[in-house]
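Working notes, structure below.
Chain naming follows the written order as A, B, C and D, and within any one chain the residues start at number 1.
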């Protein structure tokens, strides 16, 4: 019995495009997928670049016109890894053409745009996905499972973080990421901290933001300097619907930090601590352990933490970043097949943008704000 | 040539009193002090308790009346480790009697009281000290030295923390620490995070507080429950005078945490990370290290980090909590002798109370507040 | 310009077979390979299993007869992941048929057999590879590069380890791994510690072994128990040709350990420490760092550590176990194309078996032995 | 009711002498001791040095003749921290005079001398102590308690280590520590690894040594170089009477290491891992923890781990190196009073020397040796 094919058209061949292809390549070898993946077409700026991408990445066809992909009758799913500013136009066109749409984060620089995209997808009945891959980590799944099962008791305190240093150099050139329409540390990586916070603790109901620009201007690439109007550090106090309180920080000038996507979560019965710097490990404190024998346990990812066992035969081998992408792909294909709900669809992508915008606005207005539904 | 004597009268013989005596006992064996310390008198509630304390701790005399100590003509320095609510009366009496006064933290539950104490001490010309012992750690000294020398460049971001779990049990009895007049996690341990932040980065100019009560009531010890009106978690966004921004959290319901007095500080050239859970270590990222060889260094306390070398012959041996108290005592004695400035006098104790109160008020009013001078 | 094809026949579809296929799938998307990989045929025990493996893993054909693969004229490379005892017969047949041969470790249970295989491959002029994938870690490459460049100075001391707990349960059934002809902790995982030791420090010239059986017998699967005659812990003192001295331990009953493949290497100028439990990190002590600022640096894998940058866009993202396999595959294909030397050919596989056997014999004879060339 | 006095005479005022005095000063404030300690006399080379030591350290009298101390009728216990080569003569004289004797490690460079000292002490009926202070760590006490209670099950594997870098510089001057009569890394610090091994796992019955000199000669202090005949690294395989097997290493040229006194101990039910680099922590793996929730626990020293609670009010505060000395002093005083057995008497000091010598001999003869009783 052969599986139906799912034909993919990829727009954008930069690093994230390549990472998606890693996911398409390994997912079928790891998971029992509902479809046979076919890498149909890829679009890039020039014919040469597109042809090379097709050859390297394994697509059958190439084009310089992303609209060809969107409208190609054989293509089932459009995968968008083009610059953020183009996400909306491409996605809406693909949705209109009845394609399933997989879009890198952020879904769109503005929540209003993201909402339009989510509405369109739901109206048209296509399945969507935004690439919040850190959430695909089995250890985050374990954390959520433990929280939902009550192993930590009632959650009281949360601390989330996503800090890197890729913008720490004040002489780094001004780019689209420094653009006020959607850029900044909070939007770019603080969004991951927010996604993880809601993934673990449920909806955030209220925020108080503190977004600061520490590097006032950057080289404009033409010998001058251009003012930076986005945040280099975005902090927020949080209220969760479940009664917990917490904070997050997104920081792209944290000199020396490469992947400090961390969280600590404190409950009445136990606690968890995690760092993406070592993402195959979850630290767990169990308040029920015997006196004098208590301490944070260093749980290493293993076959007990699905779907780790599909990748590696035993604990300690460790998943890598690209493996998380394979898990993301598998989840999306199951959703397309109707086997499982969409893991992180455009509606959820919109949610993150809404949180980011509310925190920005709270920071500007210097007051607590309710997060719109 | 014999040294002059410094005769000490101790009020309060609980754990902190004992810890102070550890400091008095070891400081002269570690440091070349300007005085010979004499443990003159100790006060406790009953004659038996006072006599036992005198014997165990090594004081020559005992009394049940703290005023005897304050007024005893032979006593040079009064050391107050009695309950917080009594600090003010005792300290003012001692100052009026011309004694130097060493007082455990917090100096007083209310900043107004702390100000009265600081003013009185300065007017009378006595030397004072508040017990912020974490600041006596040679690795914090190293951190400050590196910052002042510009080794981190310009400071941009600060994250401070003091989390423990000693109040995590909702069935723990209501105590004076749950009293609105000065109690709560922010005042009790968040104050340490604030002291460290200013020690390293200089004055905090503006704050936005978020103080929350997670355990609504606690057993009153008589079969009922009593409402808790203090914060279990106190958070704040910070602005420093030097332009840096940051945050701190004080949390006494962080299940599993025993001493998470941590900070991370990010500059343009380098960064530091520290945890009191392993306080003989400072992590240092130097942006000038060669490419491909960069990473946070785990610096272990050693003789290069004064005054470590007076305690241990080589790196790796490690100081303990009580050693920090000996350093604190030595610093105070040098100040009394006029050799060095007061390391952490009543004026600085007042400063911490002012920060705590401003954060509390900011949280209640839900707006940013300038920190009064 | 199209690339020549390299057609692969896989024998064995267990976990390691699957892992190899992960490598074949991702290598072309990561590296600019000299060949286009074609998954030609796969062999398994039953027609159903073989057909399912072909479908899941992406092979065009399937068979129940491994000899068909070995003799198929279209197949260029035979990949052997069948049980250890079959490696020799399969490899010799494939070599005789002029195929390149990729064989999982251990190459053969006995060094004499491994030697026959290595000799045959060299005589026939085919390219071979044994799967010592830990060596493909960019951080091990970095370590070797630093050592070769003299960054550590002269090497004096080495400590290697590979400890896990998969045989810690005394009620685990007796298997082929408990067979005296090649089994045991030293052969199974101590071999990794030996491979890493020689990879970093060069040839081991002399050994003193200490191989012990701690679990005397195991269930025979038929209600009785069967004596275990292999080592549960295999230790050795080492002399290296370069003058360094050291030790290794292989241990499969180290309760709680999942992947303690660690090493520490001490030179006159600096040192390295590594644990496979966190294999994207290398700890480096540089004796030339300024006084009071020295400490082991936690170097995180990043684009400065080739070929990491081909997998992930920035430091901190982390490679996984299966990525190491892609690196291994790429190295082998380059060797087949004559672009680079064989990274770890049968001759090197033999070398490891020789070391294992010499340590076994040394342990039995309770004396130091020279390692045969 | 006043306590009897115990009058102490100290010979040697170097760092270890000072450390002992720290212990004498703090022990009575921490523990309920059977004696009141009186610092009676101290001996040093010159009258000035002796007088200064008396003043700084708090002794009533000083002398330049250690024999005065040994024979002084008022002195009850003689504390020897003079150079190793003098231990024997001083101790035998003190024993002959009926004094209790406290001696820094090593008890004597040669086991034969140590035996004479132990025999003499027992014959004369005085109480003795050798300063193996790492064993006084509450976390080592916890480890032993867990092992004795069977919490780890049957012990199978042990790995011990004591590595530092204080002799890593080949241009460090030749000293008495490089003298063949008792010097070398194994004797100097490997002895600590041996003491810990027997403290935790019981008697070692058989050893195979590997002692190597990596720095052939050192400056003689007069412009030339002098051959080094002691080991820079001393390794040993171990057999324990209880059936466990293991290894230790003593290494004083481990560049970058300051206090790598580590052990790992693997049992059938659980495991422990420890590093003196962070000696207030013990890592514990409990095989009975639920599946998917297992991992090494980071147990922080606290009041549950006696006598920690006498020093610090709560977990996380941490003991320092000098606190271990206070514990050592308290244990010895209880032994003198007949309340408890001698924690580490001359007989045990002899035992360590016997182990060291047997390992040295084993290394020279290149064969396994039984450890004499």
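Note that a contact is a pair of C-beta atoms (placed from the backbone, for glycine too) under 8 Å apart; a residue touches a chain by one contact, two chains touch by 3 or more.
Please read these numbers as outputs of a predicted model, since none were measured by experiment.
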B-C or B-D, whichever has more C-beta pairs in contact: B-D
Label of the chain whose CA centroid is most distant from the centroid of subunit D: A
Chain centre separation (subunit C, subunit D; CA means) in Å: 42
Distance between chain centroids, defined by C-alpha means - subunit B, subunit C (Å): 54
Subunit B and subunit D: spacing of chain centres that average the CA atoms, whole Å: 34
Shared-contact residues (touching 2 or more other chains) in subunit C: 257, 294-296, 300, 302
For the subunit C and subunit A complex, residues of the former touching the latter: 15, 18-19, 21-22, 25-26, 28-30, 32, 56-58, 164, 166, 257-259, 276-279, 300, 302, 311-323
Touch list for subunit C against partner subunit B, complex: 142, 281, 283-284, 286, 289, 291-300, 302, 304-305
Subunit B - residues contacting subunit A, complex: 156-157, 159, 168, 170, 208, 210, 212, 214, 232-233, 235, 237, 245, 247, 249, 251, 253-257, 264, 266-271, 285, 287, 294-296, 366-368
